[in-house]
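Lettered A, B, C and D in written order, each chain numbered from 1.
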């Protein structure tokens, strides 16, 4: 079940969130048309780290692929399909000509980071989630335009009532209950 | 940008083309509208609509034809091993000049012509005409069949006409019968015609050659009393003077003369000869000469007279030019080793004077010999034909048989006379104007399709064995003649029997087979004639040529086209697209004018003029030829043929009428501008201040400082990974020996299936020759020095093209070859951009697929490239692979001969294994003249050049 | 008004994305593996011939050596196909009235060659040379498979470039003694000389066999 | 003095902005006549481009003007020109996000969309210019039956991965920045079909606290990645030429020289797009004089960089004493098509100097003239580099001329059609200004 409180302004919402956190209420989530000044519970996104790691993996993959292509390790691969390349004299340059391998590796690194960032964002937020119980409330339609909301999700009935009480205590002008 | 120590300034700026102002470039270049895509013919559009867009991409590399067929013989032909080539000797006869050749066969198909090393007129070398024989043989337009009055006919109806013709001739004992042939150097054909003459006493035999050397043979008649042939020994000439001379470009035996001429042109390989040339228009000998003097049209007779006076009588003419006295002194000083050669454009009297001078200079028996004519019956072709046309016009000719000559196109007044002949039968390898105009046309055998024989310039005889069954059931000359013989039963005489009959001396033992294999009948060269020069030869007076008074009249010189000769090769795509040695023009015969004359007349490159000589006139574009006399215009005949195959149709302008009209020529602008295709692109090409592209020096400077021409190899490299294979292929090109005759260009095109692209594509600058002969001028436009430089892939060890190919389609193999893998090429073309020598060519369109030649004429050992693929010289990798495999199987020494090296008459190319210390190529690479082209590009090329040395006469002022 | 989407929309969206992902993977997989599939390489199935010639009968049964018909295999790039004359050396004596051999007799009589269908084929831009492979100890069976077990001839090996390259990179294990080249049922066993000995015997090496100019020109 | 110009005109609040911008995208504007007048001709051009492509596939590139030695003609230099404009757009949306400038917010999406479609046009050309375009996939490094890998030492291989990474990066960066706006559109529209369409496109974004935190983090890092990527992509495009040893191309100044040119043409293109757009869709309150003023100043800076690059190119030619390069350069500035070089100098270096004066920066016709001049100037500069330099190479016998054919122009017009129709379609369906960033700007910075 969800308890939904609508506020007029971001400041009001921020005060309510602070009070709720002081009361130790769990499952608090804010909804706002722009990114809130302070996130609930000081959430620090770990996606940048994921992107950094993906970027490094991508760069390493690019460089290893190029080396694999000209040195032909695993030549007699079991499956035959994965046979690497073989040494070829190109313009008198050495086979593993690392200066010319850098651009390819750099670009694959950036590509992997970008893709990891986007997919990570979708996965962490469990998007695409077209339907969420919270959509049932009509007022919630304002959340993406100029409405500021707090929603408290609880599983059991008693918690639901305690959340309702805490929200009323925090002075939310309109409160809605959504019971799926 | 590290810069290697620039080689010292050699001499002035080099430039290549004379198109000054930019708007000519825009006008000369095809207008935008006309370049709307490739003008797809209707057939091609239908073919394309049927084909779906290539989904080949999905299948990756293809899995081999699903429907490939294997067709073995029914009974295996002896000696034919599929995949291995075997060679047969024969000869190539062009206008009465025979040269021994060997033809390489694969699976029974003749595919490649090369010189016959045992034949004195070739010594292994060849010329463009011999190399291009293949496409004349496979020419699809030869399939005309028997034709009468323009309608196809058949053998029986021809037999009926011939049968009653024979009765008429037997009754009238041959009155009214005329046989007209080209210049016959074949004893068998000559004997067959004599046998016919014996059967019909009333018969007359006439001969006609358009590019005839009547003046030269009449000159010998005037000098020695009867027609003789002069056989120069150029290797013994230490001082050589050419007067409008075609000694190394067109004279009989010019391939052998080129070899002997080049033997003394490289100072590092023996004493250097000195060559003078006095000419009205540039020739190959003039370009290769040490001193080249430009003589006006009217001054040439005067010059010859002065020379005769100075050499024969020691008189010193007053008004002679400054270089005249040193020249005569040099000739006299080299007594016994001096030789003067006069080209066919000089009048008869001048020829006689030159013969007298050569005798006076003690050359007889040393620098030249005089022999009985090698032609079966030496005649004055002009007079011989005039006699025939007079008979025909007067109606005295009932039956005319024309064999292997095209008088309707190339002879004066023949067409009108032919109309009055009751029955005319023409025979030749392909349907031409004469075949079309005659009442009957009988397809003739190509030189590859019948037995014959031929005697070369020095008399050496060659038995010409057929290379294949007649492709279009052509009949040999002997067969056509036998149709008229009284005892003819229905089957034409077998040419083999005729040849064996005339060579009874070879009947014993294996002499016949030996003569066929060697391509030379042993000691059949003519003995020198025991005849003395007549005293009045030295006193003959040259009639003065009426010089053009008005500014606009010029002396018209007509010469055979270097590619089409007298017009017989008009349907040969290789010769049509062969860049002419000096003008680099293709598919056209513009009128050549000197720069000064063109400037005075306000004519620009490609503008059309109307040339009128007497009654005849022709409209043709103008082309500016630096180094030509001011008052001379050169017209090249052989173009403008009316009845010719698809290739030759509509190319060039027929200038034969001008050749036979008398009097000076007048030029009149018509205001139109025509597009003349050339491989020497339209731009003012100035190589900037240094001229290290073609390095040259005088012999004196070279003697003083032998390292004069060397220059650097490039700055040191960060990565040096030279190929490490057992063999290292390399090439050295000697610029002293290269005379720019283009034999190598046609040989390369023939060996490697290089496609011909046609005039429109050449105008788009998309020609495909893998090997091009770059021609650079140096000095003033009126009197420049010209240099030739063969340009092919350098197979650089630090190849800039390999680094930039994203598909990895061009890589270096460990034997030093820059390998171009056609099936991997995607067509980004970055490799061509990155090649400093620009030797890579791109198939912008499906050129090979749209070429007018049968698939059987292609070399099976070389991949035929599709559209969108880059191609370049591969050092004939198929020949290298063959020698590699032979070495690996049976330990034979690994040596390969590239197509250009084999074809070159002067052995300018030397190719071989650099790891072999005593090979010819290593010796040439260690010669002091050796230098790297564009060293500052740091590519370490495997092809290097030997700089050009000029042996200047000190007394002659520069 | 209620929510824009129904709860089922989540499952539908995720299913659609999954399906799209699988479709793309399937397409790329097909395009990647199709060129090396047996069907596309025409491997393992018999090709229609004018005369159903049985190698099994002639080679295993009668013990005829390969070179009797493919005569130029040791001297030329092309292994060579037997002319009709070779077939008729025996078939003019035996089975002279067999309906099966009608095309062979007709070919000799009318002097018209028999048009066989090619079984083992390489693209035109690959220049394979039989003689050098025979000289360097590569047996017929290495590329043509156990021909003597084939009642009707089929292409036994895919002959992708990789197949050739794996051998050109490391020829040792593929070589066989000189006497066993034309023995189609030869297997490497204890008594076979080691790859190094064979390489030394045949003088293989001293040349980089993975150069492009070895096979492409 | 520039603070006097507000970033958002007074009297605008987050709500009015959201309603106006979302309204444009939902079809609530009075008339879309101008939009159709622009969209239909560009569809025509796109059709012409498709015809040219089909004819190209049937006939090969002989229908173009490429010849020998000018083997790269129109396709390659227009490709460089398009990727230049694309790089300019990314420069604004990624680079200026990192510098936290306020004027970037309202023109960020227009720049991103311009990048997308010009990168798309640029991505097509390397395939169409190939001799055998159906083997393009050989550039993808995958294990195949031939054990063959592409040649990673080739600048064109770097180009392949650079453009691929750039296009994928731009699409993801653009689409991520679009999610919040799609959510607002989903919640604002009434018609069922649009709700479902925008709903699916928004992937269920609701603006929850956690979503915003992750969004803020990822968007920041993505911008931080796109900035070096755009520089590396256009440097690699510069290396396409500098990687070889053609006299005139192989200079180490080419990669930065190309990035300067890209930025210059990018700013000009953005200017050319926002000026008509703000007038026709009444977005003047959000895209104000301030934006035009700032962009003009940026164009001026970029013009000075480009001028420096031309000067360095000329200096290094004569400083280097390479005879071939000097001949080539003399032909470029004095040859038969020297007009291209001098018009490049005028359009890229002289004309933008007008932007020193505030009156020129305020006067729309002047701004449009200089902007269009810059775009054409860069087109001519690329023509000069890719076509004029190969006229005169090291060996005089290989000198030649080049003339484009009708099909070159047809394909170029086709790509312009593709760009215009793609751009117009997108800004019609998707809000032209990123609403959530504008809301943040208005509520937080301007405290309205």
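Here, contacts are C-beta pairs under 8 Å (C-beta built on N, C-alpha and C of every residue); 3 or more make two chains touch, one makes a residue touch a chain.
This structure is a prediction, so every number in the text was calculated from the model and none was measured.
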**Report entry** Winner on C-beta contact pairs when A-D is weighed against A-B
**Finding:** A-D
Query - Inter-chain centre distance, chain A versus chain D - centres from mean C-alpha coordinates, in Å - result: 29
Query - Length of the line joining the C-alpha centres of chain A and chain B, rounded to whole Å - result: 77
Query raised in the report: If you average the CA atoms of chain A and of chain C, how many Å lie between those two points?
Result: 54
Query raised in the report: Hey, how far is the Cα centre of chain B from the one of chain C, in Å?
Result: 47
**Report entry** Where chain B touches two or more other chains at once, by residue number
**Finding:** 60-61, 800, 803, 808, 811, 813-814, 824
Report summary line: Multi-partner residues in chain C (2 or more other chains touched) are 4-5, 10, 13, 35-36, 161-162, 165, 212
Query - Residue list for chain A, restricted to those that touch at least two other chains - result: 72, 81, 83, 86, 88, 90-91, 93, 97, 100, 128-132
Query raised in the report: Hey, how would you classify the chain contact layout here, line, ring, star, complete or other?
Result: complete
Report task. Could you please specify the touching residues of chain D with respect to chain A in the complex? Result -> 14-15, 18, 141, 143, 145, 147-153, 157-158, 161-162, 164-165, 168-169, 172-173, 175-176, 180, 183-184, 186-188, 199-200, 203-218, 220-222, 225-226, 228-229, 232-233, 236, 239, 436, 439-440, 443-444
Query raised in the report: Which bits of chain A are touching chain D when the two form their complex?
Result: 10, 29-36, 39-40, 43-45, 47-48, 51, 55, 62, 65-66, 69-70, 72, 81-86, 90-91, 93, 97, 100-101, 103-104, 106-108, 110-111, 113-115, 117-118, 120-122, 124-125, 127-132, 134, 141-146
Query raised in the report: How about chain D: which of its residues touch chain B in the complex?
Result: 55, 57-63, 65-72, 129-139, 144-146, 148-151, 153-157, 159-160, 240, 243-246, 316, 320-324, 326-327, 335-336, 390-391, 393-401, 403-407
Query raised in the report: Which of the residues in chain B come into contact with chain A in the complex?
Result: 717, 719-723, 797-803, 808, 811-814, 940
Report task. Report the residues of chain C in contact with chain B in the complex, numbered from low to high. Result -> 31, 34-35, 40-42, 72, 75-78, 80-85, 107-108, 111-118, 121-125, 127, 129, 131-132, 135-136, 161, 203, 206-208, 211-214, 216-217
